[in-house]
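What follows is one structure encoded as structure tokens, with my remarks underneath.
Per-chain numbering from 1; labels A, B, C and D assigned in written order.
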Amino acid sequence: MSPAQDTGPASDTGPTSDEVMAVAAARALSGRQRVFVGIGLPSTAANLARRTHAPDLVLVYESGTLGSKPDRLPASIGDGVLAETADAVISVPEVFNYWLQPGRIDVGFLGAAQLDRFGNINTTVIGSDYHHPKVRLPGAGGAPEIAASCREVYVVVRQSSRSFVDRVDFVTSFGHGRGKGDRERLGLRGAGPTLVITDLGVFRPDPETAELVLTAVHEGVTVDDVRAATGWDLKVAPDLDRTPPPTDQELAALRALKEASK
Amino acid sequence: MSPAQDTGPASDTGPTSDEVMAVAAARALSGRQRVFVGIGLPSTAANLARRTHAPDLVLVYESGTLGSKPDRLPASIGDGVLAETADAVISVPEVFNYWLQPGRIDVGFLGAAQLDRFGNINTTVIGSDYHHPKVRLPGAGGAPEIAASCREVYVVVRQSSRSFVDRVDFVTSFGHGRGKGDRERLGLRGAGPTLVITDLGVFRPDPETAELVLTAVHEGVTVDDVRAATGWDLKVAPDLDRTPPPTDQELAALRALKEASK
Amino acid sequence: MAEIGTLAEAIGDLVGDGDVVALEGFTHLIPTAAGQEIIRQGRRDLTLVRMTPDIVYDQLIGAGCARKLVFSWGGNPGVGSLHRFRDAVQNSWPVPLEIEEHSHAGMANRYVAGASGLPFAVLRGYVGTDLPSVTTTIKPITCPFTGEELTAVPALNPDVAIVHAQRADRNGNVQLWGLLGVQKEAVLAARRSLVTVEEIVDELSPVPGAIVLPSWAVTRVAEVPGGAHPSYAQGYSERDNAYYAAWDPISRDRDEFGRWLEQVKEAAA
Amino acid sequence: MAEIGTLAEAIGDLVGDGDVVALEGFTHLIPTAAGQEIIRQGRRDLTLVRMTPDIVYDQLIGAGCARKLVFSWGGNPGVGSLHRFRDAVQNSWPVPLEIEEHSHAGMANRYVAGASGLPFAVLRGYVGTDLPSVTTTIKPITCPFTGEELTAVPALNPDVAIVHAQRADRNGNVQLWGLLGVQKEAVLAARRSLVTVEEIVDELSPVPGAIVLPSWAVTRVAEVPGGAHPSYAQGYSERDNAYYAAWDPISRDRDEFGRWLEQVKEAAA
């Protein structure tokens, strides 16, 4: 059985699936890492990490803030609180050219509308015809270069067989292409997606093939649940982990962050 | 007879040749022109213009100041007074890329160690062998791109047969090459040197050939004086002007500027 | 020297049918009032350029002002989709919308090239993605020193750039601070520019983090307090998050949007 | 995270014989004390990079620390020539000095490319001049969109960049203001960096016009009050114009310079 769907935080309820995902994603960050943070789930997770076990985490937002220390979840990447609490505010060209492009950022934290078995990301169009899409999505934003230039990429995404597909309809951001070695062939410097966290579990690329493999399931989730929400023939790591459930402290911090942003 | 050599300002003496030159150069600027100012004679002239007939002149220094309004002559292009009185202070890459290169500056005001009959400037080496120069000069600084990108270039230089040569030993900054049309052939956008002011007179390029022609002599200077200080067979404009001598007001303003910078 | 005038005059004088128009402001200082004045004056066939076509462009697209959109991320930030944008792309409603799609890094560098008087910019970008297969303004370029292949994008030089700023002085010098986005680059890249400001003051006292656009780099300044609503102007207003949420149902429905449009057209600038 | 230590330790740890070293500061915030510590520690065969090799590089060149100079303007600003530089170029004294000569625009863009992780930069520069005939790091490049020919210069990525700033906090975050030169670009382009500062403070209060280099972009910070003398640190000191003038006779004469050098070597950092 899956955990309860996210129906908004309430201090007397157990964790929702989104909360489990946010906590799992937050735990993946540590120390003084420099994290390039997309808005939404990545921002929630990165801020939670900074408020719990990783107070020295350096949050970089594409709106041009280095070292933001927001006391609430920013409503957008341009939320004033990001600028007001930053070590430095810089122009958008500068954040991409001087800070992202040269590989100064440890972790790029991205969301996805579609993610495929090799960690390629689509946020552009659903459907095979770009010019006549079934669904027009927002587009690339900063993601293609975040995916290219950060030392590693973590993806956080709600999982379903529609979002977790064999092959994305459009490669907005390059993951591992069609397998191991494709990034090197293209001269991409970062390691690409090394971690994918969903509301069901955790995935990592197989070191031999770069295909995403299930390495952990969250509390209350079965491997069959995950398979049912995966659009390819999912491989499972032999030493499958179970994500420890959010601690009371983690959950309280997450809910406090969300509450403060209302 | 030439005017007295510059032996330092004294309020009860007539103008020195450097003062005549500075005043003549200042008069060439007017209105709201944006002037890219090199240090030394150009800076003196531009500041004098701003203090007398052209109070709205916009002074741009390569150290990164837009609209400096110094109350004394800056001792260097990095004098603190330039930053403190500027409308905007920007980085050095920005001043060259965003402000100079696109042609936003009306007048580039340059000095020269050598200047030739087609307005090419040398500030690099004296002598024909770059690698074993007779005299090593400071080099290019901002001048090559100032000469290329400003709408016009004014050169202010002390004249002698050594500095006013048929052909410069090294083209540090391109004037009119070897004649009319060379700038267009190279795709240079600005008009190049349109005015040269020395301690003896004023020169402008011939519209047909782009060769510098004497168009005015300063008070007390003869055409023969100028020919003697010119390293090529100098052409003289048929309607040769005589520079009106500095007014008392101009001289007082110039001396006050210099006094304030001590 | 920037001329100071009203918003309606400025749009009337600077923005013509068929122009390439960039309204910039990266989630902060978005010149929404100027966008609505363009709607009110009924401009058509615009090529709209903007890194993040959010509500301001959803409105212009829904009103049928645009023929083409050049962009890198089109969404209602923190809320979801831009439904007028989607309706135009998916259903050509109210008019077909051509798109030229880039990444943020590419768009930012295109403005930098435009501001720098260069025909193109170089970046490490787009590699491995499908964007170069659908966007013709992305090409490879080889380093003449190392032989390495990189990506080139052409300069953006809009006919008009419009941005919002906190203040201008009476000479038309403009001061803005907080998140700076690509506003300076957009203004410097454009042939003409309009800056709407929260207020016109006697003197621009220094503010930490502020930049100044000198009057001689700006065509027109118009005092439009609140002109960035529903985005914000740091030091003057807060982001109206409720408006972003409220826009979703208006944008989602053509009739709802039509009623919104009538109201805008009836309002004076 | 930048480590905070002494100047002598920093030079000892960061600068090795044969390194490519950039000391930057455009007439303001010139890290002269750091240059003299390099002399004191007897480094040799350095490739010195600097837009404006003024007194600080005249001293290093005269002391025989440099094998090569990469630069765009070498003079004693407001005074005249750099005689140690001239003596090295004209007479190979005390050791031969190779030069790689650019314009300011070229050098600035080379740092920008270095800071941006690109192998080269594009500019409208050097056209018609004799510089490309004597400098191999200037090449033509063609715009892939318009066919126009422009100029490319390779990135500068020094082994070490050294700059002076007004302040740092105890975490090593650096704040500087006034004329900014290319200091940010030099630090970001370099593999290692040292910032000498006027003072280390508990908190970096905001200052108009200031920029901050985050601690994680800097290798080492050393408190060196007056470390920019004879240049100045806006808000802390004035430019010592008399020193610039006094340098001329010292620099002009090998023996005078030799006496100056002995004094520097005897002084503690």
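Everything that follows uses one rule, which is that a contact is a pair of C-beta atoms (placed from the backbone, for glycine too) under 8 Å apart; a residue touches a chain by one contact, two chains touch by 3 or more.
Remember, it's a predicted structure, so these values are computed and weren't measured experimentally.
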**Fill in**
Via touching chains, chain C connects to chain D in a minimum step count of 1
**Item:** Identity of the chain that, by mean CA position, is farthest from chain B
**Value:** A
**Asked** At what distance in angstrom does the C-alpha mean of chain D lie from that of chain B?
**Response** 28
**Prompt:** Centre to centre, by mean C-alpha position, how many angstrom separate chain A and chain B?
**Reply:** 58
**Item:** Gap in Å, rounded to a whole number, between the CA centres of chain C and chain B
**Value:** 41
**Fill in**
Among chain C residues, those touching two or more other chains are 112, 117-118, 123-124, 148, 184-185, 209
**Request:** Check each residue of chain B and list the ones that touch at least two other chains.
**Result:** 97, 101, 149
**Message:** Applying that definition of touch, give me each pair of chains that meets it.
**Reply:** A-C, A-D, B-C, B-D, C-D
**chain D contact footprint on chain C (complex, rising order)** = 117-124, 137, 139-141, 143-146, 148, 150, 152, 154, 206-210
**Prompt:** For chain C, which residues are in contact with chain A within the complex?
**Reply:** 26-28, 51-52, 71-75, 77-78, 81-82, 85-86, 89-90, 101-105, 108-109, 111-112, 123-131, 134, 148-149, 178-182, 184-185, 209, 231-232, 234, 238-239, 241, 244
**Asked** Taking the complex as given, what residues does chain D use to touch chain A?
**Response** 1, 112, 115-118, 173, 184-185, 188, 211-214, 216-217
**Contact set on chain A toward chain C in their complex** = 39-40, 62-65, 75-80, 82-84, 89-93, 96-97, 100-101, 124, 130-145, 148-149, 170-174, 177, 182-183, 186-188
**Request:** Spell out the part of chain B that touches chain C in their complex, as residue ranges.
**Result:** 32, 34, 58, 66-67, 87-88, 97-98, 101-104, 149
